Structures are given as structure tokens and as C-alpha cells.
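Shared between the two complexes below is chain A, which pairs with chain B and chain C, respectively.
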Partner chain A sequence: MTMFKKNPSLMVFIGLLAIFTLAVTFMSEAYGTGALSTSFVKTLGKTLCLALVAIAMDLVWGYTGILSLGHFAFFGLGGYMIGMWLMYARTEIIVVESMANAALPPTPSEISDAIGTQIFGVVGSSDFPLIWTFAHSFWAQIALVVLVPGLLALVFGWLAFRSRVTGVYLSILTQAMTLALSLYLFQNDSGLRGNNGLSGLQNLPGADAISQDNISIWFFWASAFALLLTYLIAAFIVSGKFGSVIRGIRDDEARVRFLGYSVEGFKLFIFTLTAVIAAIGGALYYPQAGIINPAEIAPIASIYLAVWVAIGGRGRIYGAAIGAGFVSLVSTYFTGGQAPDINLGFYTIKWVDWWLVLLGLSFVLVTLFAPKGIGGLFDLITHRMSPNRHGLPLGPDKGSLREEEAEK
Partner chain B sequence: MSNTGTLLEVSGISVSFDGFKAINNLSFEIGPAEMRAIIGPNGAGKTTFMDIVTGKTKPDEGKVLWGELSRNLIGMNEAKIARAGIGRKFQRPTVFEDQTVFENLLMAVKNDRNPLKVLFFRPKFKDLAKVEELASEIGLSDQLERKSGELSHGQKQWLEIGMLLAQDPKLLLVDEPAAGMTLGEREHTTDILKEAAKTRAVVVVEHDMEFVRRLDCKVTVLHEGSVLAEGSLDHVTQNQDVIDVYLGR
Partner chain C sequence: MLRSLIAACLLLTCSLAAQAQDRTIQDVLQEHAEVIAQSSRKTIAPAIDAIAGSGLPAAQDVLQAWQAKDMWQRESDGLFFKAERVDSSTYELIDFATGESVGTADKGDLEQLKPNSGIRAMIGAALVQFQLNDPDAERRREALLAIQRDGEASHLAPLRASIEGETNPEIKALKETTERLLTISFDPDDAARVKAIEGFKGSLSLDARAALNPVLTTKIVPAEGLPESANVKRELRAGSPDLTVSEGYDLLVSAGVIEPQPSLAERKAALESHIENGAVAGVPLAELNTQDARDRAYAALAQEGVAPAFDPDFTMEAAVASAKFAEVYDEPSKAVTDAAEATLASINRAVGLNQFFDLSLDGLSLASIYFLAAIGLAITFGVMGVINMAHGEFIMMGAYTGYVVQQIVPDYTVSILLAIPLAFAVTFAAGVAMERLIIRWLYNRPLETLLATFGVSIALQQLAKNIFGTQARPLTSPGWLDGALSFNDVVSISYIRIAIFILALIFLGVFLFIMKKTRLGLETRAVTQNPRMAASMGINPDKVNMLTFGLGSGIAGIAGVAIGLYAKVTSELGSDYIVQSFMTVVVGGVGNIWGTLLGATMIGFLQKGIEWFNPSNTLAAQTYMIVFIIIFIQFRPKGIIALKGRAAGD
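Let's look at the complex of A and B:
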């Protein structure tokens, strides 16, 4: 298949992911030696989800050239959608249990009211907002994980691409969308518990007897599998003619139009598809994180996403995965208080404060001096080169020469 | 193929940029299998004329009628116009530099352009054969696997012409195809264009008179956004107005 032929890295990636998954499993508390703590297994599982959303970002930015600074909003929305079911179903079990001791069996509306009070007590309410209509149904919320971010991306993309908003203006628009969404969710009457967000998501309903040691590894497997699927889908998309067209859009969108391709249609397709992929990543991430609140959707999160992809190397799928994995793990190390402070005598560098500066600096350095990111290191091995002329005419007199010849 | 009827009829179009009239009440017609050269001084509006026909620029007034059904092209977007059968080569070569010659050509080969169809597209034998055929026509058979950014300027021009032919358009608009080419390359380019004009309409904008002479076709002279003269090359080059504004300088 062309997909495998054009992406020799695909087999390598599958192999490494399989080895990694097995290794983590055999070192986990639940199925192995216990060398890795359950909380670290969760960190690794979450990292896989971040690699997944980074691949989505790479498709939309690295391959199609749309610098969306809103994909983490789709990721967060996916988390919210699954979080609603997790919270509802678990609270329902607790409520039913506690009411079972009452003299009279509770009516369904009493149960519903009690769940409402439990969930919305923190925001001073007890009524279910309209958006919780389907929260009792696992399958409905799973469908919403895909539908809500998908529809938002579709409508937003349709409006933006149709009016041919491109470049930095489009990035600003996506940031505005993200900001609006997070500000809305911060409100107590948004129906999603304001800044409290949804919590207790690590406790699967009806699985109280099962230890988090096991649940963490199950989620780790699910994340690894989802990452694998995303990688395959991305490789399939970019290896064929569709990949040619979107890379063409990235490099010269007007030219693609004159070839008869509707640039808007292709952009909308990629934008929506990647939003859905991001949402699925979020739906796997937040049960491992245990909590989701509007701060997760803040505009800065989407900017981080772009930074990961840039550092990993955009325009190549494994680059995005490496960038997200590497940067988020290093970031956990520095911000988790594990990194030792550096005492300079007159000043003590606390990594918790300085990590962001370090990250920002590496981003600037990578952009300036290594635009291919970490992934570019592999080119040194395989000698992959890409011309960087981008259509600059050599002029009539030098026209028949290659650039190297002309510059002598 | 007969030359009766018109394929493209442009009538009374005008367009101004910030008050400057780049095209002024221009009318133009071309038949289904006709070669036409457009010449004129810099800034005469030749490229702008192509911009209007291909939907890149909206004219302030006038009509652009296309095909047997005389469909008005104004208001249609670039992609739709391209799919209707108008292909365009730009003044400076624009190919996708980061992709191979093969990928460039395959992208241009006439096929369904719908995103879903494109996603599941796998080249069939006829598509590959078409790419091979075009590559040999434009002399790039040995370069199929090279990134097009590595090609010479002249080869890029050919690749772009190849991409144009791959779309199988009824009308080719070719803006300064010979710019930056050596003499040998120019002759080859003439051959490609003449061959194409046997089955479709070809409009060539070119400054090089020798090149235009070799095309051996009807010539339209543009000046300040309207037609100054039209006829055989010998006829227009003897026209006093043409000598004054263009040749005499």
C-alpha cells in the first residue's frame, strides 16, 4: 500500500508504540512489577492522548497550513461530554444507594432532584440544565463527544473559510472562539458547574470495586490504541492525492483553486475531522486526569499545542507525536516540583516559575534555527532534503539555470 | 474540428483598481480550436484580462460568456471555472515545489475534485498512463520522482504547462510561457502549444515577437485595457498605432 511505502516511519512507530505499551504494562502496579506508580501510568496515558491531539494539530497546521489556535477547545469539549456521563452515572449510583435505606422507595423525580442537588450544589442550583438532557445515557454522550465539537468546527470553519479568512486573521479568530468558549464555561449558569468544572472523573460508575491500578492501565491501553488509529488515519490521509492537495493548499492555495479543487471544502473537511479527533483524545484524557474545568480550554492551551507541534517538527506525523510527548513529559517534570531549584546565590531559579520562560525560549529558538523541529534530526540520518525556493523566479537571464548554478 | 461558433465571448468588461482603469470596455472572442496571441506593452492589462476570465478578479461591468450554453462566468469561483474547462498558467511558474513532478501532474489530471472522492482516490492505470504521456510531452519523463522545486526555471514552466494539459481544459490561458527560457526551450514550448491548439483553444500572452511569429496565429494587441488592433502578426505590426505604443519604443 502507498500508505506504508510513503511513510517508512509508520512501521517504526507501530513497533515502538507496541513495545512501549508492553513495557509499561509489565512495569505497572496492576499487571507487572509495580516499578511504575499508578499516577505515573496515568501521566503516560495522558501523554499518549496529547500526542494524539498533536497529530490532529499537525494535520491541520503542518500539512494544510491552517494555524488553528482552537483545537484544544475541541479536546476540552470532548472531555466535558464524557465527563457529564461519568459524573451523572456515578452520582446516580450513590444517590440510589443512599435512598435505598429510606422507608418509601424514591420516585424517579426524587432521584433526579437528588442527583441535581449533588452535582449542581456547588453552583447554588439543583435543576438540570438543558444540555444535560442525555447525560444519563452513555451512548448518547459518546455520540456527543463527536457531534458537539464536530458541529462547532463545521459551522465555525464554514463561516471562516467561506469568507476566505486566512493566515494570522484565522488564528486570531480561532483564539477568539476558544476564549469565548472558556469564558462562557467559567460562568456558574453555563450548566457545566462554572469554574468548578466536572470532577471525580477517574471513578468509573459501578466500578468502585476495581482498583485505580487496573483502571489506569486500561485507559493507558485505550489511549495507545486511539493514538495508533489516529496515526494510521493521518498517514492514510497524507499519503494519497488528498495529501498532495492539502500540502498544495498550504504552499499556494490560489494555485490549487485554479486546478479546480474547492480549497474551502478541503479545509473544512480537515478542520472538522481534526476537531473530532481532538475531541476523542479529550474524552480519553480527562477520565485519566480526573477533573476538567474551563481553565483547560483557556486560549493558552491551544497555543501550547502549536508549540509542541513546532518543537516536534510540523509536516511529519511522528514529529507531532514526539513533540507532544517530549514537551509534556518534560513540562510535568519541571512543573511538578521534581526538578531541583538552582541556587545562584543572589537568586534561586524555581523551575515551577521559569519553565514557561524556558519553553517559550525553546520555541523561539526552534522556529528560528531548526524549523523542522526535533523530527528534523531524522533527516540528518536519511538525508531527506526539501527545496526551499518557493517559486522565486530566477529571472530571465539566469532562468535556465538551477539555483546552485545561478548563484555561482 | 470546425472553427465555427465561439467558445469564450468577453464583452464590454471594465475594471479599475483604486480609480485606475486597468481594463476599459474590452471585448474579445475565441473559437473552440483556435490559437490566439495577445501582445501589448507592460501594464496593458493582459494578466488582468486572464484574472477576470478565471474568476480571480471581479470586473466592474461586462459579461464573460462560456461554452455552447453561453454560461456567464462572472460570479463563479475560481475552482468552478477551472472545472468548467478553463486552465491557466501563471506569469511566474507556480508549481508545488515541495512535491514531486509525478505528484504535481497527478494532482492536475482530470478526475473528480470532490474532497471525499479525492481522499479515497487511488490512481488507476489510465491516470498513470496519462501522467507518463504528459511527462514525455513536456520532456520530464526522467524527472518524475524529483521534487519540482529542484527543476530549472524552464522545466518548471513546462511542468506547469503539463499540469494545464492534464486538466484537459477546453481553453488554455498561458501567461508568458517563454519567459526565462533558452532558445531551444522556446522552440519546444511552441511545439507543445501548437499541438494543444489542434484540439482546444489556446490564448498566449507573450512579449517575444519571434515566439509569437512561430505560433503563426491571429494576434490581438492590447493597450491601456482595450483592444488596439487585431489580425495577423504582419497586419498588426504595420498598424501605425501599434508601432507608436508598443513596437516603436
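Let's look at the complex of A and C:
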């Protein structure tokens, strides 16, 4: 298994993840001491999903050099797809219950009309739009979680890579795609309830008897398992020859092309695969969050994703996971009002107000002074120092690793 | 009651005696005192006509006072006065004929005349002739505009009578237009109406359209049994876009042409009301969860004769398939409707053309806003190749600078003139600081620059929120920028948009001047093309980069003041424009100001053009525009104007 040999960190990560999952389980309200509240278990589960999508981002940016500012759109799309089924199935149960007392047993079309009125009443409509055709079927929507973002990424990536849009232009283009998607979803006639979004997703259909304590821990397990799988897939991809080629594309695309590799094909594969991974992450995240609306897809979310990866340290898989977990948990701490205010005498620093300023500035500092991010700290432990070289970045391309990020 | 009757009789004899001599308005009033006091809409008409037709100078005052409920009757002698309130119980009486006070009276001795709204409208119509012949031209114009808004058949005669004697040519034209509008709506003679309608060919006035539309109202009826004389617009079939199948079905049913079939809901109600022992007509309830089973149960009910018959093969489509429908004008005269259709078509053509101009002006002003937002980026991103995600926040800083200056300097004109250089100074300083502290360490690392400047962007945005709060702050434009330049009823543009357009042109000039004619411009171009060679020639690239970046940021600050005048100042002002600004530069072609200009023009016009198709939905317009841009970049990846050769950098 070259994968494990090349990634000594892999076993450590798997071990830590297993210990973490067990610890959370034994401290949860459902299966343990109850030291962790259900809402905190949900936060941890969501954080694992964010780590998952950060790994996808690291594959596409840290390893292939494509700074995509659209991966959170795929994440959101995945959430929308599973949200459609959750909302439909749960509304169906409620509707059927309420119709059970009617004089005549309801016909299928009556049930479907009533569900439509329930779901779309908020945007002044009662008909099911075309995109809800498969919403009644769990497996169809699960397939759509993968297919819709995957196809979107495939078409968009094919168009972009085919015309050799690279570097910053690609970033702006992906950002434009994200903006277009979120603006589209904000419309009431987009068929996904406009800015109301889909809500009540934390209530699993038919699971009213099961308490949220249990459901939250199940989702936590699912998220941990998905993260593990993603980590393994990512480690597998980057460890073999394929990994060498995409790193080559990151540092010097032209050279890889002249060596005879189909650069566009590699890029398209990575772009689409990571979009699918992001979508699966979204499908696990939003049932825990309970609500999804188009604001989640706004371009700024995708930029934050890049921020997490950069702070964690790009070009190393555990770096991305650590960055996402660290930043989002610290964000929750500061913006949740738990952090104590600092009284300077003449001014009281409220962290709710000042956290974003701190985050922005620390991000500038990381970019300037610690390109390796938090992951760089592990190099101190393993004594993998950067070579004492003073020259250009690893390659001429915009996404290539910087001098400081090089490995011995 | 008896006393007042006697008084009225006495006064009547008095007034009859006085009629031979010079009649006063009081006499006219007393002649009709009874109906006036009675105040009934049915009987009041002769009294109003008598007052209006008396030819006395005070007649208008009387009618106005009456309409405004200022006319009072003294109970002691039944005389009418205009009364003004002195205090809660005392009123001052004013004689109509002389306009002078005739003393005060106790409220208890007075009876207020309270005409109801119907009577007030009749008085208003009678007043029209006075207003139309008022010596004050402005009052005449107001009266005409009031008639245009809310005309009545009764206005037509006094209006026509007043045209002859009109001396003011402008008012006369207005009177003639108004007369034509009233003729279209109220004249009984078709020929006159046709002539009036044709007079509006190619007119842009909203009133002409408002007068023509009621002439052209139609309704759809079954063609069967339509009288010969009906003014048919066209024949229709159900299932066409103008008449859905269910509408056609309803029409046929209400016309009695076809027997109505019980609807789904009615059939369900019938089933529910015939549940016996857990079954309907022998079909168990549990089986009634499909439409098929329900139909069977209903058929059984119909067989028993307890529910109206229902044909299971019935469909609305089949029922209306053979029926013909006609769209019929409410207006019976074909000549009038034909003329109105022709005139409306010519009006619509003219309006369409003018709307196109108006839309172009809108597009132009949107383009200049995008250009303003993007021109700073054209320098920092286009010329220097630095991605500055905080560019939008520099725009925001400029706008807030304008707001702060307005808090200190209350005069709007002075404060705007002061704010522009100040905004430049503030954002220039911010730009230079950012270049020195962050960007210069990251040249040739555009993706890292993008992320680092994004960090600055969120920090600045939150900082603005902490300082100025989340609510929108006003940046008020000077009074001379209020209002709009309007060419006609359709085409108009606000002065503020003209000012932004001019500002954009000035910026274009300044940019070209700096880049082509100054030392800094020369050095900037040299440094961006080949920094090493430029350095060998004695140019300090550090300094040049710093100044150029400062310049681009400073222009963003000025753009912020302009955009702040047009939109509300919030901490998100900049981020609303940042993606569009980058698109403008990318679509136009990096490194070329003309490209940015073209890009802004294209995006501005495109967005307005898409909005025109669906004006209620600007979100969709933006979505489609971005999709269009993504596709556009497929075909011209380097933008509209692509640099060639060495300057292109690859």
C-alpha cells in the first residue's frame, strides 16, 4: 500500500478521528454521560462536514492549483437536493395524517396537491415545479445529490478548461457562477422557495418518535465516516502517479501538457470529483443545520472555504481538515457570544463585532508570514524543514506552491 | 318648521318683487332656498343651474363656498351667507354679493348646508365653466388637468364654449387636447369621436392612451347567437393563448349552450353526502382512494338518480372543441373602434421607439456606474495585474467619507465638492498602505493576493459596521441635482444619472491623460511591461507600483462618493459591485481602458435589455447576464479588446 507509506499522517488521522468519534459518542446525551449538549454534537457534526468539503477544496486548489470560488455552491446544491426529499417526505406524512379524518380516503392527486400547497404556499404557489419531479423518492434524490452538482461542475469545468481559462480569471469565473446560482435561487419562481429556502430539515420523516439526541449522534457518525472515506480517497488520489501529474499541473501546466498529458482531462476530473464530494458534504451538513437558503451559496461562503484551507495549510490533506475545523469552531465560539468581552476602559471589545476584523487580519498575516498555515506546525515536530532556498516559487503557474511551502 | 316656512314664503314674495330690478345672488338663492336646504341629489339640479347660469359675478364664490360646506343659512330670516368661524359658538357672516362682513351670529342661529358627495360633484361640474374662464391662466391650466384626469360628459359643453375666447395659445392647445379626450369618451356623435381619435396619431401622452383604452375594452362571448350588429374584433377558439379551455367551458355553460357536468369537487361532495354503512353506492369507503373507484361509485349514485348524471368520457377539451367564440367590443360603433385601434397602434409604435431611447439612457447610466466602479480596478487589476478584493471596500470608504463630510459641512454643494478630493485622499492613503504592507510581498502571486486582500476586505467591512452601524446612511445630493430631465412623457433621465455619466467621462479623460501624457503613466506602463528593464532604466518600480496602486484606489474612493449619491451607503455597498466590476474588466479585456469602457457599456445595456423582457425581476436579469458573460468568455477569453504581443504578458 504505497498510499499509507507515502502518507504517514494517514494512520494518525484515522486514529485521531476514531478516538474523537468515540469520545464524542461517550459524552453525548444519547449514548453517554451527556457532557456535550445535543446542539454541540450537531455543531461538531457540521464541522466534520466542513472539514470534508475543505479536503475537496484542498484537492482542487492545494494539489491542482485551481482556486475555485464555487465549491460551496456545490455544497449548497447537495444540501438542496437532500432537503427537497426531506421536506417532501415529511410534509407528505403530515398531510396524510391530517387527511385521514376526511370523509373519503384521499386520492394520490389530492395528496400531491395538498403537499404542494403546504410547501409552496409561502411563495404564493401550489404547483410542483419540474425540478421536484423526483422529490418523492429518497433514492432518486440521493442520486441527484451526486448528479446535479457533478453535471454542473462537468459542464462548467469543460467550458472553462477547454478555453484555457486559468489562474485569477478562473477564480473570478467560478465566483460569477456562484453569484449567478445564488441570485437565481433567491427568486421566488426558481422552484426552491426563494429566499425562504428549505426548512425543518432536522426532522427526519417518520422519525418523530426518535429524539434529536439520537439523530444528532447518528448524523455525527455519518459525517465522521464520510470524512474518513473522503480522506482515504483524497490520500489515494494524491499518492500515486495521478497525484504527481496534478501537482505538476499546479506548478507548471505548460510543461505537463508538453509531456503529453491531457491537462484538461485531469483538471476536469478533479474539479468534478471534488464538486461531488462537496455535494455529499452538503447533503450531510444541512439536515444537521435544519435550514438551507440561497444566502448559504453566496460567493463569500466559497471564499471562506479557501480561507480555511489556507489557514490550515494547503497542499496537505490534514491541513485542510484542521483549518476548517479550527476556524469554524473558533468562529462559533466568538460569534456565539460565548467569548468574554474585553474592557479596555475607554472601549469594550465585543467579540461578536470584532471577530471578523480579527479573522480578516489573521488571514492576511497567515498569507504573508505563514504560507504553510497551521499544518506547518507539524513540520516542526517531524523536523521536515523547508529547504534553505531563495528563488522563485516551485513553478511559473499562478497556483504553484511558494518558496516557503516547498518540502525537502 | 312652520316659522321657517312662513319666512320662506315671505322671502319668496320679496324676491319676486326684487326680480324686476337688479337681481342679486341672494335672490337666486332664495328662489331655490327650499331645494337647497333640502339638499337632495334628485331635486338640486335646477338650483345649481340657476346659480351657475345667473351670470352674476358672485356665482362662483357661492358654488365654491357651498361645495366646501362654508355656506350657512340664517334660521331667523333664511338668508344664505358664507360664514367664517370666530370661536366655537360665534361665526362671522359674509355677504356673497359684496364680499363684506355683515356681522356675527350665534351658531345656534345658523344652519350649515352639508351637500353630500353627489351634490358636491354636481357643483364641481358647474364650477368647471368658471374655472375654464378664470382670468388667472394657472387656474385655467389646473382646471384642465383636473378634467383630463377625471373628466365627465357634463364638462364637454362648457369646455367647448371656452375654447373660442381663449387668448393664451398654450392653454388653448391644452383646451383643444382636453376637448378631444372628452370627445372620445363622451361625445354621442361617432364622426366627431373618430375625428378626435385620429387627432392623437403618434401622440406620446399618457392621457391619449388612457382615453383610447376604454373605447377598446372587449369581452369574449360564444359566437353562437351573437346579434348581427355586434362589433366583433375577432373570432377565437378555446385553447388558444387568449382563451383557455376552462374559461371557454365556463362561458359555454353560463350561456346555456352545454349542460354543465358536475365538477370534481361537486362529485366528491355528492359521494361524501351519500355515505351509508361505510360504503357509497355499494363501494366500500376504503376503496375510494383512487379516482377510478370514485367515478364508479358516482356513476352508481347517478344511476340511482340521487346525483346529477356524469359522463365519464367527458373532457372539457372535447366540450369546447367545436365551439366558436368571438371577442366583441363593448363600444358598438365599428368606425370608432377601427379608428381607435389604428391610432393606438401608431401611438404604441411611437411609444415603443421612445421607450427604446429611454431604455438606452438607462443602460447608459448603468454603464457609467459600472465604469466608475471598475475604472479603479482597470488600473490596479488591468494595468498592474493585482487582484484587489478590497476594491469594493475602497468604494465604500469613499462613500462613508462623503457621509462624514456631510455631517460636518451642512451645505450639500460645498460638502460634495469637498468630499471628492477628501475621498480620493483617504482611499489613496489606504491603497498606498495596503500596497506597502501586503501586496508588494505578493507580486506574481495573484491567488495569494486575492485571498489576502479578501481578508482586508472582510476586516474593513466589519470595521465600517462597527463604526457606522448596519443601517443605511444617507448621502444627500445637492438640490440642483434633484429632479429629472424629461424630453416627453416617456423619455426622461434624472440629473444625478447625468452627473454620474459626466463624471465617468471625466474619469476616462483623466485616466487617458495620466497614462499617455504624464511621467507616472509612462513609468507605470514600463514597469508593468518589464519591471527589470524599467529598473535598469532608472525607474524605481517600488515607488511606481505604490503610486499607481494609490491612484487606482483613490479613483475608487471618488467613485464611492458618486455611487453613494445614487444608492444608499452601507457597509455592503462595495461588495455589491465587486463581482460586476471584475467582470467589467475581464469582459472588456485586461490592460485596456477602452476595453473597460466597452465592457461596462455591454454589461450595462445587456442588463437593462434583459430587465426589459421581465421588468419585475432584476434578480433574473443579473443571473442571465452573468451566464451570458460566462459564455462570452468562452469565445473571447481575453475580453473584447485583447492585448497582443509582448504587452499581453504571455
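Keep in mind that, in the parts below, the second predicted complex is superposed on the first by the 384 of 408 C-alpha atoms of A that agree within 3 Å, B and C clash if a C-alpha of one lies under 4 Å from a C-alpha of the other, contacts with A are read in each partner's own complex, and residues count from 1 in each chain.
Heads up, the rule we're going with is that a contact is a pair of C-beta atoms (placed from the backbone, for glycine too) under 8 Å apart; a residue touches a chain by one contact, two chains touch by 3 or more.
The shown structure was predicted, so the numbers you read here are calculated from the model rather than taken from an experiment.
Enquirer: Report the partner of chain A that touches more of its residues: chain B or chain C.
Expert: C
Enquirer: Regarding the shared-chain residue A:D251, is it in contact with chain B (first), chain C (second), both, or neither?
Expert: The first partner, chain B, only.
Enquirer: State whether A:W354 touches chain B only (first), chain C only (second), both chains, or neither.
Expert: second
Enquirer: Tell me which partner A:V364 touches in the superposition: chain B (first), chain C (second), both or neither.
Expert: A:V364 contacts chain C only, not chain B.
Enquirer: Which partner does A:F269 reach: the first (chain B), the second (chain C), both, or neither?
Expert: Once the two structures are laid over each other on A, A:F269 reaches chain B alone.
Enquirer: Would you check which partner chain A:H136 touches, where first means chain B only, second means chain C only, and both and neither mean what they say?
Expert: The answer is neither, since A:H136 touches no partner chain.
Enquirer: Once the two structures are superposed, pull the chain A residues common to the chain B and chain C interfaces.
Expert: Touching chain B in the first complex and chain C in the second, residues 393, 398-399, 402 of chain A appear in both lists.
Enquirer: In the complex, go through chain C and note every residue touching chain A.
Expert: My answer: residues 268, 271-272, 275, 285-286, 288-291, 294, 387, 389, 438, 441-442, 444-448, 450-452, 454-463, 465-466, 575, 579, 582-583, 586, 617, 619-620, 622-623, 626-627, 629-631, 633-635, 637.
Enquirer: If you look only at chain B, which of its residues touch chain A in the complex?
Expert: Touch residues, chain B against chain A: 54, 56, 77-80, 82-83, 87-88, 90, 92-99, 103, 106-108, 113-116, 118-119, 121-123, 147, 149-150, 152-154, 163, 167, 179-182, 185.
Enquirer: Okay, in this complex, where on chain A does chain C touch?
Expert: 67, 103-109, 156, 159, 162-165, 167-169, 171-173, 175-177, 179-180, 183-184, 186-187, 299-300, 303, 306-307, 310, 353-357, 359-364, 367-368, 371, 393, 398-399, 402
Enquirer: Hey, which residues of chain A end up touching chain B in the complex?
Expert: The contact residues of chain A facing chain B are 2, 237, 240-242, 244-245, 247-248, 251-252, 254-255, 257-263, 265-266, 269, 386-391, 393-402.
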